[in-house]
Amino acid sequence: MSQVSQETSPTGTRATQAIGVLALAVMAWVVASGLLLTPQDVVQGESVRIMYVHVPSAWIAYLAFVFTAVASAGWLISKKHSMGFDRFAGASAEVGVMFMAITLITGSLWGRLTWGEFWQWDPRLTTTAFLFVTYIGYLAVRRLEGSVEQRARRSAVVALLAVLEIPLVHFSVVLWRSLHQGATVLNPNGDVKMDDLMLFTLFSGVVGFTLVFIWLVLHRQRTMLLVDVADNQGLDLAIVARRAEGPAN
Amino acid sequence: MIASFSNVVVVYDNFPALAGASFEIASGEIVLLQGPNGAGKTTLLRACAGLLPIARGSAIVLGCDLGVDRRAVRAKVGLLGHANGLFPDLTVAENISFWSRLIGASAQDVETAMQIMGLSDRLSATRVANLSAGQRRRCALATLIVRRAQLWLLDEPHAGLDSQGRDELDKTLRSARDAGATVVFASHEIDRAQNLATRSLTVVGGVVTET
Amino acid sequence: MIASFSNVVVVYDNFPALAGASFEIASGEIVLLQGPNGAGKTTLLRACAGLLPIARGSAIVLGCDLGVDRRAVRAKVGLLGHANGLFPDLTVAENISFWSRLIGASAQDVETAMQIMGLSDRLSATRVANLSAGQRRRCALATLIVRRAQLWLLDEPHAGLDSQGRDELDKTLRSARDAGATVVFASHEIDRAQNLATRSLTVVGGVVTET
Amino acid sequence: MKNSLDTGVTKGKVVTAVLSKDLKIEMRSRVVTNQVLPFAGLVMVMFAFALDNDDVLQRVAGGLVWLATLFSLFIIVQRSFAIDTQDGALDSLRVAGIDLSAVFFGKAIALALKLIALEIVLICGAVLLYRVDLTASGLVLLVTCVLCATSGLAFVGILYGGLTAGAKGRETLLPLLLLPVVAPVLIAATRATEAAFGSGGAQTSEGWAWIGLLTVFTAVFGVSGSLAFGSLIDE
Amino acid sequence: MKNSLDTGVTKGKVVTAVLSKDLKIEMRSRVVTNQVLPFAGLVMVMFAFALDNDDVLQRVAGGLVWLATLFSLFIIVQRSFAIDTQDGALDSLRVAGIDLSAVFFGKAIALALKLIALEIVLICGAVLLYRVDLTASGLVLLVTCVLCATSGLAFVGILYGGLTAGAKGRETLLPLLLLPVVAPVLIAATRATEAAFGSGGAQTSEGWAWIGLLTVFTAVFGVSGSLAFGSLIDE
C-alpha cells in the first residue's frame, strides 16, 4: 500500500529554501571564478572553462544514479516497502538524466573546440551515451502501467543493474585506448596535475552541483507524492462512477 | 473461510474494474459468479488467483493476504481463464505432460484427466493449433484437472464444450468438491450453472451482491 | 435454395473434417447446427462462406458453385467465427467504422448496430484490447450487423454474451430473417438455440443429418 | 432488407480505409519507432564505432542504410499481416467481398510510408555519423532512389506477405521467398545511394542508371501485386 | 484429495521441462532456422560482396558475426515470450506455484542453445567468405568467447524479456532496455573474436582480457536474473 498523506502543502520547506540559497551562492562563485579568475589552459586556451560544468555534472550524474540504486535496494530490502524509497529513486534518476544530458552537451561543445568535431566514436563518449540511454529506459519502465508496487519493484531491479554501468564508463578510458581525457583528477596515484585555483573552482562546482541536485530531488519527490495523492483522489471518483453502473441497470 | 474479500478495489490503468467488492467463500462451496458483460467477473477470479494487485481493501485467499504477498496463494489455486493457456505448436499430450511435469503429477493422473475430457489417442497426438475450439477447451480443462488444486477458479468453463463435455465437467467439479476442493466459476448459462452451484453471487459494476 | 451441399468433403492436411456432407437450406430459415466437439460445424460454416476448398462433392451457396469459384459468394455472406476478427489496438468505434467504410454502410447503420449491441459511449472509445470477453463479442456482432448480409453464418454467436445480450441477439437474428436474410448458426446451448432456430441439423463425424 | 454490399464502394475508399487502419495501429503500437528504429540505429552506431576514422565508413554508408531498411522490411511486413491474422480479421477481409487489389495498395502504401520514415532517419544518421557530403544533385538522386526502391520493396513485401499469411507456420517462409527477390533492389539502391553520397569517388550520373532498374522492378511488382494479391490471400 | 502441488518437484526437473518445451516449439515452428538465419546470412554475403578483396573484410568479420547474433537475440527473445503470452500460458506459469528461477534458467538455456547454433553457422560463414585464418589457439579463444558471450546475452535477454512480457505494448520497450546493456558485450565479444581471427594483426593474448569482462557480465546477469526474474514476471 502506498503511504500517501493527504496533505497538500507547498513542496518547499525552510530546509530546502536554505539549500536553494546556498546552491545559488556557490554557483555564483563558480561562475565568477570559472569565467574570470582562473587562468587559461596552456594547451586548450579559454575552452578549458567548460570543464567547471562538464566534470561536476558528470560526477553528480553518477551520484544521482548511485542514490537511485541505493534507494531501490532500500525499497526491496525494507519490510514495509515504503514508497518514499521509490519516489526518491525516481526523482534522483530524473535529475541524474538531466545532469548526464548536460555532460553530453558540454562535452560535445568542448569536443568541437578541441577535436574539431561534436562527436567522436570514442569509448568514453560512447559508453556515456549508453549510460544515458539506460536511464531513459529506466524512466520508461517507471511509466509502464500497473500499481505503484509493480512500478517500484520493476524499476528497482532495473536501477540495480543499470548502476553497474558506471564503472564501465569510468574505466572505459583505461579499457579501450581513448581520445578522451584520462583520469586527471580521480587518478589512482592521487597526484593531481592542476593549478590550485582551477582545482578549487572545480571542487566548488562539484559542491554547488551537489546542492542543486539535492534541492531538485527534494522538490521532485514531493511533487511525485502529490501526483500520487491526486491519482488516489481520482480513483475515489472513478469508484463512485463504476459503482453507479451497478444495480440501477 | 477459503476466500474473504472486503471492499476490494482492483484497477486497470485508471478504471476500477472491482469497485469495493466484499464477499466470503467457505470451504466446499461451488460458487457461481453471474452478472452482465464487463461487470468484473474475470477480474475477480484473476484477483483471487493473485494475478492482479489489490489497490484498496483486504483480500485473504487460502490464508494468504493478497495485499501483502500475492505470490504465496498461487501454488494452491488452479485457474482457467477465457484463454486456454496452451502452446499451439505442441500436441495435446505434450501440453498436458508439460504442466504435469511442472507440478510433479503422475502419468496415471495425466491418463485419467485426458480420459475424463474425452481426449482420444488420435487427438492427443494432434497439435493444439489443429484442434476445434471445443477440443482446445477440453485440453485446457485436462491440464487443470491434473493440477488438483485446493481452489478452482474457472472463467466460463462450459464455453465451447458440447453437452456431453458439459456433463462430464459438472461431474468432475462435483467430485473435486467432494474431495475437499472449493470451486468458483463465472458463467452466462444461468440454468446449467445454477444447477451446478451451491451458491451464486452477482457481480454488477464492480460490486458483489448475494443472490 | 440458399445453400445446397451434396456429398461435400473438406480436408485439412489429410483429415477429412467434412466427410460427405449433404443438406439443403431454404431462404428465410434459421438453421441450428448442433453436434459434438470436433464434429465439423466450424468447418461447415467456413466452407459455406467460401473460405475452404471443396475436395469432393458439390456445394452451391447463393447461386455460386463453390467448386468452381469460391470467391463470388463471399460478398454476400456475413461470417462470425470463433475468433472475433477485431483489431485490438483500435477502439470499438474505429473497428466498426473500418468495416462499415469497406462496405459503404452509413453512419446511421453503425450507430444502430452499436446501440443494439449495447456499446455505450465509454466503451466505444475504448481499445478492444481493454475490453472484457463479452464486450469484445458484442463488438464483433456489431460489425456483422452493419454488414446486412443475405446469409448470416455464425459460429457460437451466444458464447460470452450475458443473458440480456443473448436476447438482443436473438431478436436481431429474427428481424434479419424477417427482412429476408437466412441464418445458419452453430451452438452448444441446445435449449436457447432450439428456441431460436426454425430447423436444426446435427453434424457428427463430418456428416450432416436432419434432426 | 437493402443489401448494402452492392452499393459501389469506390476502390479509393477501400485503399484509404486500409491505409489509415494500418497507420493508426502503428501509431498506437509503435513497433517501427520502438523496435525497428533502435536496432537500425545500433547497427549504424556499431559500425561507426568499429570503423571510425576510416574512409571505409563512407564506403559502407549506403549499404548499411539499405541493409537496415531490408531488415525492417521483414519485421514490418510480418507485423503488418500479424495484426490482420491474430484475431481472424483476415478472414473477415476475405469475406467482405471487396476489391482485394485495393487492399494490396492500401497495405503497400502504409508499408512504404513506414519505410520512408525509417529511411529518412537512417540517411540523416549516415550523413551525421559517417560525415557524408551531400550535394544538391546527389540529394535529388537520393530522393528519387528512396521513392523508387521503397515502393518496389513495399509491393514485393505485401505480395509475398499475403502469400505467406494465413496458414500457420507459413510466416517462416517469408524471408526465404523475399530474400532472393529483394537482393537486386538492395544492390541497385546501394549503388545509387553511394553515387549520391559520392562514396569512393562515384559520380552522381552513375546512380541514375540504377534508378532505371529500380523503376522497372517497382512497376513489375506493382502490377503483378495488384493482379495476384487477391487470389493469393484469398485461398 | 492429495495435494500434488506440495510434492517437491526438483528445480532441475522444471528447468528441463521448460527447456525442452522451448526447444520443441522451435523445432516445430523453425523461427530461428527460417527467419533469423537467412537474414544473418544475407548480411554476411552482402558485406563480402560490397567489400571484396579488401583487408577491411577481415577486420569487420568479427563485428558482423556479433551484430548478426545481437539481431537474432531480439527476435528470439521476443518469440520466446510470444509463445508463452499468445494464449495466456504465461498466466498459467505464474499460478503454477513453481520456482520461477528454474523457468529463468530453462528459458535462458534454450535461448543460448539457439544462439550458439546460429553463431556456429555464422562463424563458419565468416571463415569461408572472408578467408579468415584460424589457428588452434585462436579456436580455443573463439570457443570460450562464444560460450561466455552467448550465456551472458541469454541471461540478459530472458531477464528483460520477462520484464517486458505480459502487458500489451510493453514489448516495444525491450530494445530500449536491452541495447545499452548488450552493447558492451558486443564490443568485448567482437574484440575477442578479432583477436581469435587475428584481424588487423591482433594477438590471441589480447583476446583473453576481453573474456574476463564477458565472464563478469555473464555472472552478474546470471545471478541477478535468477534472483529477480521471478518477481519481474510475476507482476
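Read from first to last, the chains carry the letters A, B, C, D and E; within each, the first residue is number 1.
In the analysis below, a contact is a pair of C-beta atoms (placed from the backbone, for glycine too) under 8 Å apart; a residue touches a chain by one contact, two chains touch by 3 or more.
Keep in mind it's a predicted model, so treat the numbers as computed, not measured.
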{"item": "C-D compared against A-B, more contacting pairs", "value": "C-D"}
{"item": "Identifier of the chain whose CA centre is least distant from the whole-structure CA centre", "value": "E"}
{"item": "Rounded Å distance between chain A and chain B, as computed from the means of their C-alpha atoms", "value": "47"}
{"item": "Length of the line joining the C-alpha centres of chain A and chain C, rounded to whole Å", "value": "58"}
{"item": "For chain A paired with chain D, centre-to-centre distance based on mean C-alpha positions, whole Å", "value": "40"}
{"item": "Chain centre separation in whole Å, for chain C relative to chain B (CA means)", "value": "29"}
{"item": "Multi-partner residues of chain B (at least 2 other chains)", "value": "12-13, 36, 53, 82, 88"}
{"item": "Shared interface positions of chain A, touching two or more other chains", "value": "126, 145-146, 150"}
{"item": "Sites on chain D at which at least two other chains make contact", "value": "29, 49"}
{"item": "Residues of chain B defined as touching chain A within the complex", "value": "9, 11-17, 19-20, 36, 53, 55-56, 67, 204-207, 209"}
{"item": "Touch list for chain B against partner chain C, complex", "value": "12-13, 35-38, 42, 82, 118, 123, 130-135, 137-138, 155-156, 159-166, 188-191"}
{"item": "For the chain D and chain C complex, residues of the former touching the latter", "value": "1-9, 13-14, 17, 21, 24-25, 28-29, 83, 86-89, 91-98, 230, 234-235"}
{"item": "Chain D residues touching chain E - in the complex, by the definition given at the top", "value": "29-31, 33-35, 38-39, 42-43, 46-47, 49-51, 56, 59-60, 63, 67, 70-71, 74, 169, 171-176, 179, 183, 186-187, 190"}
{"item": "Complex contacts: residues of chain A adjacent to chain E", "value": "126-127, 130-131, 133-134, 136-137, 140-141, 144-146, 150, 153-154, 157-158, 160-161, 164-165, 168, 175"}
